[in-house]
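Chain naming follows the written order as A, B, C and D, and within any one chain the residues start at number 1.
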Amino acid sequence: MSPRTKDEIAAAIARDIADAHPGGAFVNLGIGQPTLVADHLPPGSGVVLHTENGMLNMGPAAHGEDIDPDLINAGKVPVTELPGASYFHQADSFAMMRGGHLDVCVLGAFQVSATGDLANWHTGEPDAIPAVGGAMDLAIGAKRVWVMMTLFDKQGRPKIVPECTYPLTGLGCIDRVYTDLGTFEVGSGGVRALELCGISAAEISARLSPLAVS
Amino acid sequence: MTARICADHDEAVAGTADGATVLVGGFGMAGMPVDLVDALIRQGAMDLTVVSNNAGNGDTGLAALLAAGRVRKVICSFPRQVDSWVFDGLYRSGRIELEVVPQGNLAERLRAAGAGIGAFFTPTGAGTPLAEGKETREIDSRVQVLEYPVRGDLALIKAHVADRMGNLVYRRTARNFGPVMATAAATVAVQVDRVVETGTLDPEAVVTPGIYVDRIVPVERGATG
Amino acid sequence: MSPRTKDEIAAAIARDIADAHPGGAFVNLGIGQPTLVADHLPPGSGVVLHTENGMLNMGPAAHGEDIDPDLINAGKVPVTELPGASYFHQADSFAMMRGGHLDVCVLGAFQVSATGDLANWHTGEPDAIPAVGGAMDLAIGAKRVWVMMTLFDKQGRPKIVPECTYPLTGLGCIDRVYTDLGTFEVGSGGVRALELCGISAAEISARLSPLAVS
Amino acid sequence: MTARICADHDEAVAGTADGATVLVGGFGMAGMPVDLVDALIRQGAMDLTVVSNNAGNGDTGLAALLAAGRVRKVICSFPRQVDSWVFDGLYRSGRIELEVVPQGNLAERLRAAGAGIGAFFTPTGAGTPLAEGKETREIDSRVQVLEYPVRGDLALIKAHVADRMGNLVYRRTARNFGPVMATAAATVAVQVDRVVETGTLDPEAVVTPGIYVDRIVPVERGATG
């Protein structure tokens, strides 16, 4: 088994969401790669997508004549509306999120710590302009918050770390991390590999060291 | 889990545990989910805490639940009404606890529960007996009282129309506590005048999005269409 | 000039609301006597009535076929809807009130103190069942909160007092009191008679003593 | 004072004082009241604090207000965007202050201002740099941060339709910050696609009741009917 493509990671997440929620689920997919998850949800999954700029039952991206500048997702991409949609204002939308009504939220990340801390909003570079958007709300705003990312950055440094070195988005908020090289649980029990893709357990342990991976 | 259309009111309140906190919508009889409350009486859960604006009217609905001895405590803003004799008798004989909460604080505490707000400062009630023992702080030259969320295990509410995904619209002032209670309970059961196909309700006019709704019962059998 | 009837008090309040708000006003009329104010608003006053159970632009009481059990006021009396009405839930309705968006609220009272404290929800009798409803929210929930009451109770005791002996509804929240025997300002400046009806200044001072009335 | 229909956008922003805090609706360009912001540029108020989700896109609207040097401080959740070069330049050269607020906290702080809530505890941001120096408290086994209201002197928002009493409905996700900002400012100016006669909007579907609205301008002249 080789490392997973973005689409394969997204497919794994989509399958796990559907399996864990046979009666349907309310899901928020963060900006960027997590939006790919929508393309892999099985037909009839009953998954309802929330976008934090104020909508439930968001449909796929809009093209051509379907583009409506008043109908966009959190990444400001034109989208469509599915039957059963509803619109609400920002305070109501984030109340829905903060109140724990969403089943799953999937986010990108710079780093996730072994205990589930998330860093995904700011590189911490001195001249970077800080911009958080809904990241901190999303991080604490679902019953389960999952991360989708590559396991190593472009310099080959692990992104699951003993402790985040980038500025935090949320404390102990992540419980699962889907990567190209496998799926990991994080949290109070430390890091546990649920599945490895194209890499051996020994190599993972070596490359994530000094983190212990069980 | 998306909303489920129930065969009857009994199915909608099934599984309510003894000791549960039950939010009951309505302001007087407007928006009062009488059929769901009747079903809760049949269901038999004991030792309940009921959160509702009033403490029952006449001998039916919430008053009947109280009369059946199922309620340990009532959290409400206005128990005393011309027709609240059931509650009045229980209270005067020491057989029911009462926590009186200003109506706006009750609504805001329910909203806080649904919105993941840990606590909030409100000027309502400051300096009055209802704030006794509560933490206060002066903010903006005004004494404010720290109030905490009120959460339910079950909410019973009445709406006008639901679609099959649980999106709700209400009717006039019967809306009252329904939308906030729907956000504040682990399980939300709604009696509606009718159920329509998904896609029928105007997405701009949905008041309670389906995410908040678990169980739906049309008041009259056959009112699904 | 003789003491004012309830309707005359209501008419005075209605006139003052209209005079102070030539562009219209948002007004909440408490349960009981204050509802009479609505009948005395001049045509075209632009006054929009709020009822805290969740409606703006409430119309007069409903009769006969117009009665709709889903359309009631805070006193649970069937009412009607005027063009331009809107409905909202309890958290939104009390947010509107607490947020200071109403221009005037008119309430009944057991007692008002010289500094504007209000007591109107509970007689404090040991066997009375406490019931507050929206009274405490209303007391602090408008730019101006006025009281409409008789100046003396049935036992002849003044209801404008140095300090309330009944349990409080709100602190320093009242700025004007309309009574059968006159209209009074209360607040940090103490009690000031704006108008007396069928009673002399000397008699008011004597009967409200030890309160100083200016 | 009930809402007034203005002859043009300039009338809707007249009287804005130097140093004012201006709430500007919109999420990106959806719901952005571009014409009102343009009028504010013409109006000339200086030293403004702008509260908006973003800090301007391209060279028009909010970006143009920033470029004109009228803004001392921006309070927003997401200044950095692909087309936020105006803000980026001002920020990097130290000519504008920035307060970054998580989007949900921003919305809730605006709501608190409109709802008369003195402050509230929220879990969002706890343990992060954006909560540094803020009061925290553990509630329900969760660290929560105390956040205060954000109030405006003026709110500029865009809605879809208004009636002559100022009742508003919005369009799709352009609703975003409009309804909360409308509650949170001393003066609320709204640009709408059209104005309809009072009584035309469904009272059940009104999103912003007219009580919150002061000045209304139809975007195109003659779009009143």
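Observations
Operating definition for what follows: a contact is a pair of C-beta atoms (placed from the backbone, for glycine too) under 8 Å apart; a residue touches a chain by one contact, two chains touch by 3 or more.
Just so we're clear, the structure is a prediction, and the values are computed from it rather than from any experiment.
Common partners of subunit A and subunit D, by the touch rule above, are B. The distance from the centre of subunit C to the centre of subunit D, with each centre set as the mean of the Cα atoms, comes to 34 Å. Averaged C-alpha coordinates give centres for subunit B and subunit D that are 33 Å from one another.
In terms of their C-alpha centroids, the spacing between subunit A and subunit C amounts to 53 Å.
Multi-chain contact residues, meaning those touching two or more other chains, occur in subunit D at positions 108, 111, 115-117, 122-123, 170-172, 203-204, 207. Shared interface positions of subunit C, i.e. residues touching 2 or more other chains, are given as 81, 87-88, 94-95, 97-98, 141. Listed by chain label, the pairs that touch are A-B, A-D, B-C, B-D, C-D. Touching subunit A in their complex are the following residues of subunit B: 1-2, 4, 111, 113-117, 163-165, 167, 183, 198-199, 203-204, 206, 209-212. For subunit B in complex with subunit C, the residues that touch the partner chain are 27-31, 53, 77-81, 87-88, 91-92, 98, 100-108, 110-111, 122-130, 143, 170-180, 207. The touching residues of subunit C, when paired with subunit D in their complex, are 21, 23-26, 46, 48, 50, 56-57, 81, 83-88, 94-102, 141. Taken together, the subunit A residues at the contact with subunit D in this complex read 51-55, 68-73, 76, 81, 87-91, 93-95, 97-98, 117, 122, 127, 129-137, 140-141, 167-171. Remark: subunit B residues 108, 112, 115-123, 137, 139-140, 142, 144, 148, 169-172, 202-205, 207 touch subunit D in the complex.
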